[in-house]
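A single structure is presented below for examination.
So that you can tell them apart, the chains are marked A, B, C and D in the order they are listed, and the count of residues begins at 1 in each.
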Amino acid sequence: MTEATENRLSLRARLPGPIRRADPAVLTSFGCILLLLFLGSLYSSNFLSPEYLLQQLKVASFLGVIAAGMMLVILLGHIDLSVPWVMTMGAMMACAAAGFGSTVIAIPFGILCGMLFGLLNGFGVAYLRIPSMIVTLATNVVAQGLMVLYTGGFSPQDSAPQAMRWLATGYIIPGVPNAILVWASVSVAMVFLLTRTTFGRSVYGIGNSERAAYLSGINTRRIVMVAFAVSGALSAFGGVLLAGYASKAAQAMGDAYLLPSIAAVVLGGTSILGGRGSYLGTVAGVILITLLQSILSVMQMPEAGRQIVYGIVIIAMLLLYGRNPASR
Amino acid sequence: MSEWRYWLNEQRGTLIGLAIFVLMFAVYIANHPAGLTANVAQTAANKGVLLAFVAMAQAMVVITAGIDLSVGMILVLTNCLASWIVVGTPMQTTAGVLGVLLAGTICGAINGLLVIKGRLQPIVATIATGAVYFGLALLLRPFPGGAVNEDLADAVTGRIFGIIPSSLVVMLVVVLLVWLPFRRSEIGRAAYAAGSAEAAAFMSGVPIRRAKLVAYTLAGLLAGVGGLFLTFFTYTGEAAYASGSGYTLWSIAAVVLGGVSLYGGRGSAVGAIFGAFAARTTGDMLFVFDVDPLWQPLLQGIVLLIAISIGAIGLLRVRNRLEWFR
Amino acid sequence: MTSTQSQSNAPLLRMEGIGKRYGGVRALDSASLVVESGRIHAILGENGAGKSTLIKIMAGVVAPDEGQMLLKDQAVSFRSPAEAAAAGIACVFQELSLIPDLSVADNISISNPPRRLGLIDRKAQRRLSEEALARAGAGDIHPRALVRDLPLSRRQLVEIAKALAWMPRILILDEATSALTASDVTKVFAVLKRLRAEGLAILYISHRMHEIAELADECTVFRNGRNVASYAAGTRSNSEVVEMMIGREVSSAFPPKPAARIHAAPVLSCKNLGWSDRLRDISLEVRPGEVVGLGGLDGQGQRELLLGLFGVLRGTSGTISIDGAARSITSPGAARAGTIGMALIPEDRKTEGLLLPMTVRENLSFAALDRLSRHGVIDRDRENASIEEMVRLLAIKTAGADTPVGALSGGNQQKVVIAKWLTRRPRILLLNDPTRGIDVGTKQEIYQLLRRLAEEGSAILFYSTDYDELIGCCDRVLVLYDGKIVKELAGGEITERALISSALNVQTEPEAAA
Amino acid sequence: DPEVVSGPAAEADCFAPWAAETKFFKFPKKEGPYRVALANGYIANTWRIQMIQTAKAYAAQPEVAAKLKEFKVVSTGEDVPAQISAINNFIDSGFDAIVVNAQNPTAFGPVIKRAKEAGVVLVAFDNILDTEDAINVNVDQKGLGVLWANWLAKHLPDGGKILEVRGVAGTSVDTDRHSGIHETFVATGKKWDVVEVVGKWDDPTAQKATADAIAVHKKFDGITAQGGDTGVVQAMIDAGHPFVPFGGETENGFRKFCAKHASEGLKCSSAGTGPAQVAVAIKTAIAALEGQVVPQSIKLPLAIVEDPNFKEGQDFYPDQSDNFFVGNAFPTCGINFTAQEIMGQTQENQ
């Protein structure tokens, strides 16, 4: 325990209850979303149109589902670098199941494959005690290898079945794409998991001190492994949604999701060291990142400029509210 | 315990890294159609040294319990810069080399300042600066091209006396000029202290902030050396996003293989060098074994998985379960 | 030691009107202190009285909000520990400030190493560290050993050596002896007395009254962030001092021991327990209602024994039986489960007992989540009820259940650790030195609690480094030496003399009870 | 060292020179059978996988297999130095010819030197080498851009608002295609409003970028995309954007859409070169080893299909994956693979 954290604690302890519970990072990041939209609307008023906003939420939901899993892992003080290919694998295996077997099992099968890889990650981290950063790096390479092998070795079926299309782009509620509903359900489940269940408590506990959690009789290894499995399953689920959106699965479709999912979680105020953070922040972070990418894309900024602006905006926001407390 | 037992205890991680590398390289050479010729050694050395620079850079930061996810992008940026300025007369070339190293150093210093003065978490801060550095690289080289002083390039990537790969010599020089002084200096020890127990280090009056800044800055410098070397290797500059992020990720694998603890405070850049060579050899294995091309990526992943699991053998010796949790 | 004292009469260090707030907590409130050369000055006070905060300000770790500090009548303010050290103030902090991954030598000269050509001169450093270790009476510690490989008691000696290596004018020890064994304490005291003779000013913080009685020249008592009294050592009785500290009168320190219930069948027993070379052939029995102490010098296997019973150690030999049936306990999770019902209060509350940034609520229910939930979903009502009960039962001083536990004082933190296990109503309670760094008042509450639990039928195995506690609290004491039980003392046999002689594993002639 | 001779090449129809001034090489004849290697870079996308499958299939054809003692493929990933090292290793291991899909066209100077010294034939394809010292099997990337822009200009005689979906920034393929498009538009003298977004040759990315562009700009008169075209069309459909003329690549999914929605206004020009160009490169390498005359720079014919000529079972395959690149036939070289053959064959053949 450093002086630093103790200071922060006492600062928060001084605030009145409701405000104390609402993480300042969450509030600020929602503020940043509004600011971003305002700036975008200076370029084109269409940025405020409902179609555009719904479109953003729909696209954000893929990242949102993945970031939910990432957050769970980050809360434990770990990280999951296997997102890109576990995600791709989820998508490809779901499509394959639909192509070779039946549509009914497509989505569960895709998610199951992701979960198996998550279990592998979790086993390496929890039972072999290898740092997560390196285990997940390696399993990412393995997942990639499997998908290359699959694509080259079999006549691959990679069209998304109707069910996946519907899940990502259909409508139960008119005007609201199902993907958003899916994300909302995942979010509700996550909030419940993190705040109301023993599993959630244990996750926060392990993130703060696995040693203390273990000595409290928590089966920390199992919790860590399960969290990674959930993360793998959610990555794969994100891939399934993305494949539904794109109407097919393709190699490397997950490459663009790794860094944004980490950034979204951290921009939402979750400590990368684990043990602290609220799910609402992650939602804010996901929307923030998605909007930023989209606005830069539409503004036709050349790739170089986009990268620079993207980086600087993230730094600026972190400087605004993501700073560690002063050490003295 | 006698003196050498203490030494062994200090260097354990590095020695494990060395052992992994030697083992893998021996298998590789034993199966190489040409055996260990000067050419083969030169090829392996050049390729390994490049990753070794980036891995050393990563090790610097990891020792302070930080991480630099922008090292690969600094490599790319300095590569693009070098393809503009490391040309011409010996004087101009020298100025160019210094300019490139300075650029790398500045990138590292910016990372350091953000982490220390800005108090940002290193993972995200460097993801963000990595994007910025890549954007700058893309501005410098919208498409691949440029040139480098080829005499210098050939000298650095060639052989000395026809047998010794000069890249190894360059690396040795960098170790002697950058790593050893760092390691033996107060600031270097402060970096270890900061990584091992930051609060305790602060209470002991260790200049942790300065040490971290120096570590990040030197990491930038070393990544810049890597970028320079990449330019010598390829004669050109290219703003390749994929290779930038690839180097970042492999640098992490390399430091772990080289016995540097990702939790900070343990390991050395020398270990990271062995780790880098070992990581490179995982790729080479596919060359010597006749593997179906579509199986290659999978096999590489499995070899990597096995290599990193070697460390887990130590778990069997753990008799107090609390040692699982550092 | 070259004397740098001037001849003026100004005290070496004077602190006046020091105030420091941590958020809503007032750690110090216009506190003052005068430190003179050549004297050992003890600071006493309840947990959370502000002692550590005061000396952290002195040592440049914490910046005061108000007040001033005069060094030889010169106003000073330190921006970092290094500045304080340069001014001659060296500190052994309550929380160890060693770097585990560096060698002992590196640690000793961490902030001011000998240099050659701009680099650290390792030969000179090694020499310096050997000298410093010798001065601290720890010449047996190898300078190249990594600190993380040393046991806690050795580390504290290194810490003292490190402070001495600064050649300070003021040496501050904040509960520096709390983890030391009696023999180490004796060595340290000899060192401190020598240093006093050399003219150092020594500030000594401890909760162990007999240490203060032996060592101090003068004492200052802190309460609620203020210095409430200063007096020359030996001029106040212990009960007077305690009263000043806690602001109320204290009754007898230890609750009475009821007659032992020897007829009950043992709840916990082990036979021929062995582990590595740290535990050898240990057999013991603990009955319900019994408080069994573990004695001996520190590091003789007591911790390993507790961990071994609690399922943390791998590859133990021998058998552990619960209610007479042999059980294999392979994890704390298994140990706490219903049919066994074991709980362990670990050694280091900060890293093993608590989740510091999490709230009192989360900590209190953490070990009993399975009991407070249905199908993995926490039952809020049940949780609230049990938390309220625990806060009341142990009189935990906290602003509310949603206060981070890290903001509580040490004693209250320790209460949270105990309470979190009591939530489960354990049948077997293992305690690993639970009163380390705890003030007298809180200690008493803990003793009473232990006795009450025993009366309610718990079996208690209690390791303490404090002999008074073993004498006052335990029905029986098992003394360990080199991983073996060398002596079992019961009832009136438990005397300081018996404890010490068996701890040292020496035979003494039978003597009259002390 | 190859002798520089005058044309024409041995199989003039297949080995067409890039330009009038292209040099011709005649390497010293070596006795077969040969050891040939394929040094691939990145592997994890469908195009590359298809390419490697084609290479294996081609090398397994009886008349080709008879000439090969060994055919070895190594994929080194995105890292250029790793690819360079692989080539060096091939040279050191005594391979006769090395076929390479270069990760960076400008980076291979030192290797080219070394191959030349060792008398190894180096043939580059797809991402070719920036050199006159190795054989390049070329796709006219800029010409593709020109073709697409001309197609749009033909359908939009008065100019208009165009969405250009670009590829991976910093690559020469992206830059060449982009400049081909723009130079052509400028040359028409009409008013073109081009909105550029980055699709990275990847369906989901392109789809997202297109969807955003449509949400903000509402309507485009024409679209050109370098890759990820199936995603681009999908985004149009999802957003209810009217179908407009489209110049794009050769993905099967894209062509499926083109055939289906042509009547509604999705008038497509689908052009590119499929992964089968690797077979041309291998063929060239063998020819060079046999001492035949080959151009230093070979121009591959583009596989072009334009509305209204999309034929099921020939230009696109409704039952096959969207991700395949169609257009794998080089009849002038006697190379004729269908996507089906490449991707479907391996199970039976292995």
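Throughout what follows, a residue touches a chain if its C-beta (ideal position, glycine included) is under 8 Å from a C-beta of that chain, and two chains touch if they have at least 3 such contacts.
Keep in mind it's a predicted model, so treat the numbers as computed, not measured.
**Student:** If I rank B-C and A-B by number of C-beta contact pairs, which comes first?
**Tutor:** Looking at B-C and A-B side by side, A-B shows more C-beta contacts.
**Student:** Just give me the whole-number Å value for how far the CA centre of chain B lies from that of chain C.
**Tutor:** The computed centroid separation for chain B versus chain C comes out at 43 Å.
**Student:** If you average the Cα atoms of chain A and of chain B to get two centres, how far apart are those centres in Å?
**Tutor:** 29
**Student:** Could you state the distance in Å from the CA-based centre of chain C to that of chain D?
**Tutor:** Between these chains, centre-to-centre, one finds 72 Å.
**Student:** Using mean CA coordinates as chain centres, what's the chain B-chain D distance in Å?
**Tutor:** The computed centroid separation for chain B versus chain D comes out at 35 Å.
**Student:** Note the residues in chain C that touch 2 or more other chains, in rising order.
**Tutor:** In chain C, 61, 312, 331, 352 touch at least two other chains.
**Student:** Residues of chain B that touch two or more other chains: which are they?
**Tutor:** Counting only residues that touch two or more other chains, chain B contributes 138, 142, 199, 202, 294, 296-297, 321-322.
**Student:** Listing for chain A: what residues touch at least two other chains?
**Tutor:** 1, 3, 144, 148, 152-153, 209, 211, 214-215, 302-304, 306
**Student:** State which pairs of chains touch, listing all of them.
**Tutor:** A-B, A-C, A-D, B-C, B-D
**Student:** Which part of chain D faces chain B closely enough to touch in the complex?
**Tutor:** 38, 40, 42-44, 49, 52-53, 56, 72-82, 84-86, 88-89, 91-94, 103-110, 130, 168-172, 174-175
**Student:** Where on chain C is chain A touching in the complex?
**Tutor:** Interface residues on chain C, with respect to chain A: 22-25, 61-63, 310, 312, 331-333, 335-337, 344, 346, 350-358, 362, 365-367, 369-370, 373, 376-378, 399, 402-404, 406-407, 420.
**Student:** Sort out for me which residues of chain A touch chain D in the complex.
**Tutor:** Where chain A meets chain D, its residues are 44, 46-47, 49, 51-52, 55-56, 59, 144, 147-148, 151-159, 169, 242, 245-248, 250-253, 255-256, 294, 297-298, 300, 302-304, 306.
**Student:** Spell out the residues on chain B that touch chain D in their complex, using ranges where they run on.
**Tutor:** Touching chain D from chain B are residues 32-34, 37, 39-40, 43-44, 46-47, 50, 137-138, 141-146, 150, 153-154, 157, 230, 233-236, 238-243, 246-247, 280, 283-284, 286-287, 290, 293-294, 296-297.
**Student:** Which of the residues in chain B come into contact with chain A in the complex?
**Tutor:** Chain B reaches chain A through residues 67, 114, 118-121, 123-125, 127-136, 138-139, 142, 198-199, 202, 249, 252-253, 256, 262-263, 294-302, 304-305, 308-309, 311-312, 315, 321-322, 324-325.
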